[in-house]
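Just below sit the structures, each encoded as structure tokens.
In what follows, chain A forms one complex with chain B and a second complex with chain C.
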Partner chain A sequence: MPTAIKESSPPHWLARILAVAVLAALALYIASSAKPSTLGNITEACTLAVAAVALNLLLGFNGQISIGHSTFAGLAAFTAGYSVNFWRWNPYVSLAVGLVLCFVLGLALGLPALRLKGPYLALVTLAVAFVWPTIAAKFLDKKVKASTLKGTKLQPPTWTGLTNSRPDRAVFLYWLAVVILVLAYVIVRNLRKSRIGRALVAVRDNETAAAVMGVNLKFTKTVTFGISAAIAGASGWLTAARLDRLDENSFTILNSIKYLLALFLGGAATLAGPIVGAFVYYFVDDYLKTHAPTWHWLPGPISKGPVASFLLGTIVIIFVFIAPFGLVGFIKDQVRRVFVVTPRPLKQAVASPELIEHTSDATAAESSAQD
Partner chain B sequence: MLDVQDVSVRFGGIVALDGLSFTIDEGQICGLIGPNGAGKTTMFNVISRIYDATSGRVSFHGKDLLAAQAHGIARLGIARTFQNLALFPTMTLLENVMVGAHSQGRGGFMKSTFRIGTAKAERDLRDEAGDLLRSLQLDHLAFRPASGLPFGTLKRLEIARALAARPTFLLMDEPASGLTHGEVDELSETIRRVRDDFKLSVMLVEHHMAMVMGISDKVVAMEFGRKIAEGRPAEVQNNERVIAAYLGTSA
Partner chain C sequence: MGQLLQYILNGLAKGSIYSLIALGLVVIYRGTGHLNFAQGEMALFATFGAWWIHDHGVPLLFAITLAAALAFVGGGVIEFGLIRPAGKKSPFAVVVVTIGLFQALNSLSGLLFQGAGTGLPFGTLFPNKPNDFFRLPGDAIWRYENVGVLASVLAITGILFALFQKTKVGLAMRMVANNPDSAKLSGVSTTRILMLSWGISALIGAIGGALVAGINTNVNLATMFGVFLLASAAATLGGLDSPLGAVVGGLSLGVVESLVSNYPKDWWASSYVGADTSVAVAFLIILVVLLVRPAGLFGSSRVERV
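Then we have the complex of A and B:
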């Protein structure tokens, strides 16, 4: 029998505080001791995680698929690169404006989503992701494409005590990515645990019933699309902050697929899933890229790159069989064998006393049998 | 209270409802009967604004119901249950009922994202949802997901969820289908009880004749999208056209 912990009881709070403390300590430890290159890797994983969190809100909780999220990341990245380099904007203002643009484009893409479901919506968003690099290539000249927040465009503020040297800058970008990831997580978590979050899941589970309950489908679905797009935009801005140059191939459909993989690897519709998935995906991919062998046993030896892709794909497939609800779903199942959190008991609401007399004997008998 | 006037619904060439008119008074339980395909569920879907009427008028407490959108009827005080269950299977029973109260809540995207002043409303809502589960003898299952529970239990959950919207008018689409004998008797009792406790008017579509005739104050009989009889259960039961519709006429 697993040990039961009451929700919001002291042990439950202790466990939660401990978890946050361990994560914070880990983040601090990494910042102080990791090499700049490792920090760069973690920053990149965080960037991927932000996009996966964005997709989780849309696909995991609201049931709307998007293969076009790379476009939002690209839009925010180019907005930042252009406005900072050519209009001398403050980089943080460029972030805010990029998020607003992504939100608006997200709303616009949410409109066809009202009529389309599943594979059809996937096709529309796929088309957007497909068209984006072409548009980027056509409208942006070389100078623009190469402009990011590199060098002196985005410097650590003086209160951080960091300079713009390479190691310090890596630390700074790492913290930026961590903070944005935490914010994205908190936003999605708050939404999920609210009236709106229940409405999102209700729409995913049964649209007609949700509408009858009073959920405005058009509004809910388009705004969710917008918020998700804006969060994906934050991921794009981080990319612009980290890289020395961007071009039309920086945000292709492959990026969108990566977000999807990270999400399902970690567990869609779980709060931590996209983050865990993004880190696992990123580091497994990174490891395979450097350590994959060249296969000589096949005619015309297959080089490292394709072998790495093949191995990664195989791992993902095997994984989907072992843990269909993602890593987080798998871990939750294991933890549940040891600890269960029992929800707070339901209090009698004072608002409707007429109900109390109807609490039948049958219920009392049933619940005591449960105990 | 509810006034349906000359409502027709056409899907392409098919006439699902053909000039249907009837009224329901405050506090009444009205049974809507008729053979399969008579248009009962279509009528339900027109009232709950899932379908548009091709012509005709529906007014609810004097307001034009057909001008409302599907998500607007809950706020007007209309709630419904579904023929083949339309629950939110991944959510717990408690959450299902809490979604039922969506029209009663405030707190949009902004407030929810930043969690401003939502805590108390959430707590109260949770307790009220708990009360509803208790009143339908479902509270011991509050934290179970809705999927995988017995059909009868889920039917009761649909009633609890509908009641969470604090309706004045409850539409029930075949509440007795798939229930055992004992469950049907219990259900009749439940419907009468919630009508009295929550001061509701109820309209139900039902094939279980004993049940409809037993609990309805008034019965409307339909065939091929038209009304063939309206009145007290005993009157409708003995109406020749109703008998013919159900049993067929001798040649």
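Then we have the complex of A and C:
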């Protein structure tokens, strides 16, 4: 019998604060002790995590599948690269403008989503992801495509005490990525826990029923698409901030597939899932890419091939059967055997006294019927 | 005029391959209502299989036939072993499985076949020397290879339509597509039909993959990305549950792509319309069609009930 903890009771708050404190301490510890290359890896994992968080909002909570999120990342990355290098914009302004552009493009893509159901929508986003590199190749010349926020364009502010040397820059980009990831997480979390979040899930579970209950389908679906696109754009901006060069092949359909696999690995429709998934995906991939070629026990040329992506693809398939809500879902299930958080009781003040009595009778009868 | 005919003929050959892969998508969609994102990669794996068999001294035609037969079995196994158990969990789980399969099959090809990343030489079934063509009026030429591809695709499509319309199995397949529950009640083994659908889909995918590789005279890990994309667009255009739509969609997409690629340089907006944006223009047309007819040209729209 698991121990019940009331939501927002002191022990629950204690657990929450402890979790946040441990994560913050971990982030600080990594920033102070890790090598620049490790920090670079973590930054990259955070970049992937931001995109996965964006996709989780759309796919996990709203049930709209998008294979086009690489397009949004690409749009924000090229916007930043172009405006900072050729119009001398402030990089943060370029981030804001990139997010707005992504939001608008997301809304525009959300519009066909109103008429198209399930697979048709997936195919439209697939098409967008496929067309994007050809458009980027056509309309951006070589100089533009290669331009990113490298070097002096995105410097650590003076109050941080960091210089523009390579190790300091790595620390700065790491914190930038962590802050953006935390912001993305908080935005998605708060959306999910609010009235809008319940509307999103209602639309996912049964569109027609949600509409009957008074959810504005058009608004919900398009705006979710827009917000998700904007968050994916933040991931693209981070890519532009970190890398030395980009080109039209930096944001292809394979990136979209990577976002999806990271999300599934961690657990779609769980808040922490995309982040856990992205870190696991990135570091497993990174480890196998460097170590698999030295595994001589593998027969023939296999160890030289894409061992990592094969394993990750296979793991995602296996997870469908053994852990349908990913790593996070699996961990949650284990924790639930020990602790259960019971939700706050609903406020009943709005109804008249007789009605409350009647409802509680009905609930009692229902629960006894279930027993 | 001759030039226009020329472009249309070139487009038809490419489009016929799109319609073949699109047919594979439609066969699966009609059976289970799932979109198989791994369709292209299943075809790719089978094409590498054909290359491997051919590499061991088997004539190409037999190698492709054998690979297609193995793909038929493999498609059934995938349905039985992965898709069906996942479908019992949720429709979403099937999407995850097909996306996982996409990556797993692509990288498995890279693991098993050395040199797959850069490309392996693939023979063609049809004569493709520079002067292998028919002369048509107006200086147009029709290459034997294009004739061969178009003819074989049309033959396969014909056989499939005969299978759907004239045989008992085809009737059962149409029943399952129309209403799985009443099909089951009338004694149709839906499980067997679904395995068969996946098998057929994998089989025609394998043939399509071999035809693409033959035209490119090369097969590499990225060969099927573009083909799958255009095939899925063709299926969307025609309507995901309509085999006729897949064929019409595929052929017209091929023609549109070819015409846009050869858009005259001195015409209006020619800096935006050309070989490098042909795919974008084709997708734009499809998007417009979908906004007018959300279920595609020949697709049937369903009524939602709560």
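Everything below uses one rule, namely that the second predicted complex is superposed on the first by the 338 of 371 C-alpha atoms of A that agree within 3 Å, B and C clash if a C-alpha of one lies under 4 Å from a C-alpha of the other, contacts with A are read in each partner's own complex, and residues count from 1 in each chain.
Please note the rule applied: contacts are C-beta pairs under 8 Å (C-beta built on N, C-alpha and C of every residue); 3 or more make two chains touch, one makes a residue touch a chain.
Predicted model, so just to flag it, every value in this text is computed and none were measured.
Touch criterion not met for A:Gly329: it reaches neither chain B nor chain C.
Once the two complexes are laid over each other on the shared chain, residue contacts for A:Thr208 go to chain B and to chain C alike.
In the superposed model, A:Gly305 makes contact with chain C only, not with chain B. Of the two partner chains placed by the overlay, neither chain B nor chain C lies in contact with A:Pro91. In the superposition on chain A, A:Ile227 makes contact with chain B only, while chain C stays out of contact range. Contacts of A:Arg195 after superposition: chain B is touched, whereas chain C is not reached. When the two structures are aligned on the shared chain, A:Val316 is found in touch with chain C, with no touch to chain B. By the document's definition of touching, of the two partners only chain C reaches A:Ile257; chain B does not. Overlap of the chain B and chain C interfaces on chain A comprises residues 206, 208-209, 212.
For chain B in complex with chain A, the residues that touch the partner chain are 48, 50, 69-75, 79-80, 82, 86-91, 94-95, 98-100, 102-103, 105-109, 111-115, 118, 121-122, 124-135, 137, 139-140, 142-143, 161, 165, 193, 197. In the complex of the two chains, the chain A residues touching chain B come out as 187, 190-191, 194-199, 201-202, 204-206, 208-217, 223, 227, 269, 343, 346-349, 351-352, 354-356, 358-360, 362-363, 366-367, 370. Within the complex, the chain C residues that touch chain A are 29, 34-35, 37, 82, 85-86, 89-93, 95-97, 99-108, 110-112, 114, 225-226, 229, 232-233, 235-236, 240, 276-277, 279-280, 283, 286-287, 290-291, 294-296, 304-306.
The touching residues of chain A, counted against chain C in their complex, run 63, 65, 67, 112, 115-120, 122-124, 126-128, 130-131, 134-135, 137-138, 206-209, 212, 253, 257, 260-261, 264, 268, 300-302, 305-310, 312-314, 316-317, 320-321, 324.
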